[in-house]
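Have a look at this one.
Chain nomenclature is as follows: A, B and C, assigned in order of appearance, with residue numbering initiated at 1 for each chain independently.
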Amino acid sequence: MAAILEARNVTKRYHGLVAINDVSFALERGEILGLIGPNGAGKTTLINLISGTQPPTVGSIVFEGAPIDGVPAYRRSRLGIGRTFQIMRPFPGLTVLDNVAVGALFGSAGGAGKLSEAQEQARRWLAFVGLEKRVDQRADALGGPDRKRLELAKALAQRPKLLLLDEVMAGLNHVEIEEVIEVIKKVRAEGISILVIEHVMKAIQSLSDRLIVIHHGEKLAEGKPGEVLTDTRVVEAYLGRRRV
Amino acid sequence: MKLGIQLALAAVGLAALATLPLWASPVIIQFGTSALILAVLAQGWNIIGGYTGYSSFGNSVFYGLGGYGVAIGMVQFQWPFAAGLALGIALALAFALLIGLPVLRLRGHYFAIATLGLAVVMTAIVSNIEIAGRNIGLIMPLVRGDTWFYEGSLALLAATTLTIAWISRSRFGFGLIAIRENEGAASVMGINTTLYKVLAFALASVFTAIAGGIHAYWITFLDPESAFDIGLNVKMIIMAVFGGPGTVFGPILGAFVLSAISEILASKLTSLASIFFGIVIVVAVVFMPRGFADLVRRFRQTRWRYFQENIRAHSV
Amino acid sequence: MQLLWQIIVNGVLLGGLYALMALGLVLVWGVLNIVNLSHGALIMLGAYAGYYLFTGAGIDPFAALPLSMLMLFILGYGIQRGILNLVIRGPMFNTLLITFGLEVVITYLAQVIFSADFRTVNPPYAGANFELLGATVPLVRMLAFILAIGLTLVLWLFLEHTRIGRGIRATAQNLVAARLHGVNPRRVYALTFGIGSALAGAAGTLYGVVSQINPYIGGALTAKSFAIAIIGGLDNSLNVVVGGLFLGIVEALTALYIGPTYTDVVSFGILVLVLIVRPTGLLGRTA
């Protein structure tokens, strides 16, 4: 299986601070790759580099075999890279339906031509994530968990080939987390490759085919969840070095 | 009310307004023309400010360029009005595309100030240009009757409003709205924000320039101060904002109502007209900062408490 | 060379006054986040205050400064307390609109009360000059410059070293924290706007001595103050002084080498360029 996404020696520096340091990895088509690491390790920065929100200082991002450095964010969306944001970004004044319709209008390969078509597609994705009851509400009237579903639906409506999920489970309770896990599995069943950033360990263990651990901007470990989570370096990174 | 119904009602209104010169006095026709031109300006601002969320304080530049296109074309080159208008539109478009590109990268009040600065710069530049008559200005031949200008302005308003109606249901329009609601999200969702912003600015520039051209030809006199009148910017914004920004008909309502009240007060209490405008702005911003549309929508539930709530929400 | 020196001296003198003009605007902007489109109108009122104190009560315009500043302070305090405090926590756009409305009202009232005639303040020493290394310096301009810079210093000292001044700065940075420390925001805001207005008034009184005044100068002065504020950068008083001096010198040079009618083109052209290329201003650090 060819890799749908590759990071090659990617480094990101801001004003002397090194946020990401020489990170390389590959994400296989149809795979769910988990990205974990302590707070501030650089996970969201990595996602920003992939989605085009920021450019890498050194190194290259390769999507479907072609390097996409220099391709602006909006065009990456059209190529098939979708993402959610940790700090959610709904369109507050629009209805839930229209929020998702924007995704359908502008997503991969140009999206739907007409508004009515886009809204139909939006309904489908909203049902997919379980928000069909809130279709006509204003986006800023939604509560936390529903906002996350909306974020997800917006990204899905763009028909991405690769979906970048940034902490979709933060602040959710057990039941809600289970629901989200199911939805993510359904997304993979649609043929979409997924890169998930998550702090909720149980969730990411059950979801991911493979895991990558980032610490201080560097790739600390990579492999199957079972191996990675028992790796002593990873444990130390999370728990600190105080072992007497 | 669905857009289709609104448009049908508007068509009726349009037909009614078109017959105005048949039965109204010259004073009313003139007032009508002014109000229509202001409505076009408000709608022009609506495209870039209301739908896209970029509050331009410099649309008066397009207005002035349209006016000067007509004036220079007709006075210096003896062109017919249409050719002068084409020149004005070309100038405005060039400005929107060339200057719009860097300026639209600015956010929030910096964009507002930059456009305000541009309005001042243009006034200053044009008052130094020989062919534009420097700061003395140009005088055009008076050829047409008032009715021609009235119907022309009405046609322009109709065209502008139809365009906005199309925008409100189109992919382009949704892109603009998305930019307004959350530009960062819009760009990662596949919207070429730079292109869309510049296009919106260009569209606004065209309608505003035509309004300026018609106005200049009507008044037959043009000088930098009046052509690039900076106070116009605030006027068009107030009208659009209180009528309802980001709606198809709101700015028209705002323009007509504010013009009417201004005119009535002007005739009853003569010299008070200009101060009226200032007082209305202050009162309106304090008591109904979200515009007429919001007032109408929420008044039924909250009645007089509406005003109190607004103040409490926004005061310290 | 001699001419160039004269031009630079002219520019610096003008620049000092410019700095004072912009100072009140920057204070209000920085602390209250209010972009005051009526700032120029307040300067205009200060000019008329100086004019009437001189022609009506015979008070020397420079000596009248404390009085005109006091009058504008009271006016500003009232405006903030009575009107602006009601909208200050709303979208900033609203403060732009409402201050514009105030500008219209103030200008209109001024025109009605003071009439539209041009006025000047001509104290008996108005024509006096002295020599500075070969350049001719009008006495009134020199005095205006000294007072302008002096007031700027006083403001800076006030904000840094007095309790009230620090209270103002604290409120600017963190309203919630300031409240917890017992600061009454309504009064602090009104105080700040009052001080900003007083500074505008001072600039106006000085302006009236070196230039003609009429009720309509407000708009242009607001625009000019904006240019100075943005070009210098909004962070502190020093930036404003730099911005004022820079613009003063640039305008003087433009008037000589390009033409006096081009000063606005250059000044506002630079404003637009600064906004595009370096929005924090020549010296500023925070956006």
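Definition applied: contacts are C-beta pairs under 8 Å (C-beta built on N, C-alpha and C of every residue); 3 or more make two chains touch, one makes a residue touch a chain.
Keep in mind that what you see is a predicted model, and the values were worked out from it rather than measured.
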Practice task
Pick one for the touching-chains graph, please: line, ring, star, complete, other.
Solution key: line
Exercise for the section: When you average C-alpha coordinates per chain, which one falls nearest the overall C-alpha average? Tell me, please. Expected result: B
Fill in the blank from the handout: Leading the contact tally is the pair B-C
Completion exercise
Farthest chain from chain A by C-alpha centroid distance is chain C
Fill in the blank from the handout: Taking each chain's mean CA coordinate, chain A and chain B are separated, in whole Å, by 42
Handout entry: Cα-centroid distance, chain A relative to chain C, in whole angstrom
Key = 51
Exercise for the section: Find the geometric centre of each of chain B and chain C from their Cα atoms only, then give the gap between the two centres in Å, rounded to an integer. Expected result: 31
Fill in the blank from the handout: In their shared complex, chain A is touched by residues of chain B numbered 169-171, 174-175, 177-178, 180-182, 184-193
Handout entry: Of chain A, residues touching chain B in the complex
Key = 51-53, 72-78, 83, 85, 89-94, 98, 101-103, 105-108, 111, 113-115, 118, 154, 158
Handout entry: Of chain B, residues touching chain C in the complex
Key = 55, 57, 102-103, 105-106, 108-110, 112-114, 116-118, 120-121, 123-125, 127-128, 135, 230-231, 234, 237-238, 241, 271, 274-275, 277-282, 285-286, 289, 311, 313-316
Problem - Partner chain B, residues of chain C touching it in the complex - result: 35, 83, 85-94, 96-98, 100-105, 108-109, 112, 185-186, 189, 219, 223, 226-227, 230, 259, 261-262, 264-265, 268-269, 271-272, 275-276, 279
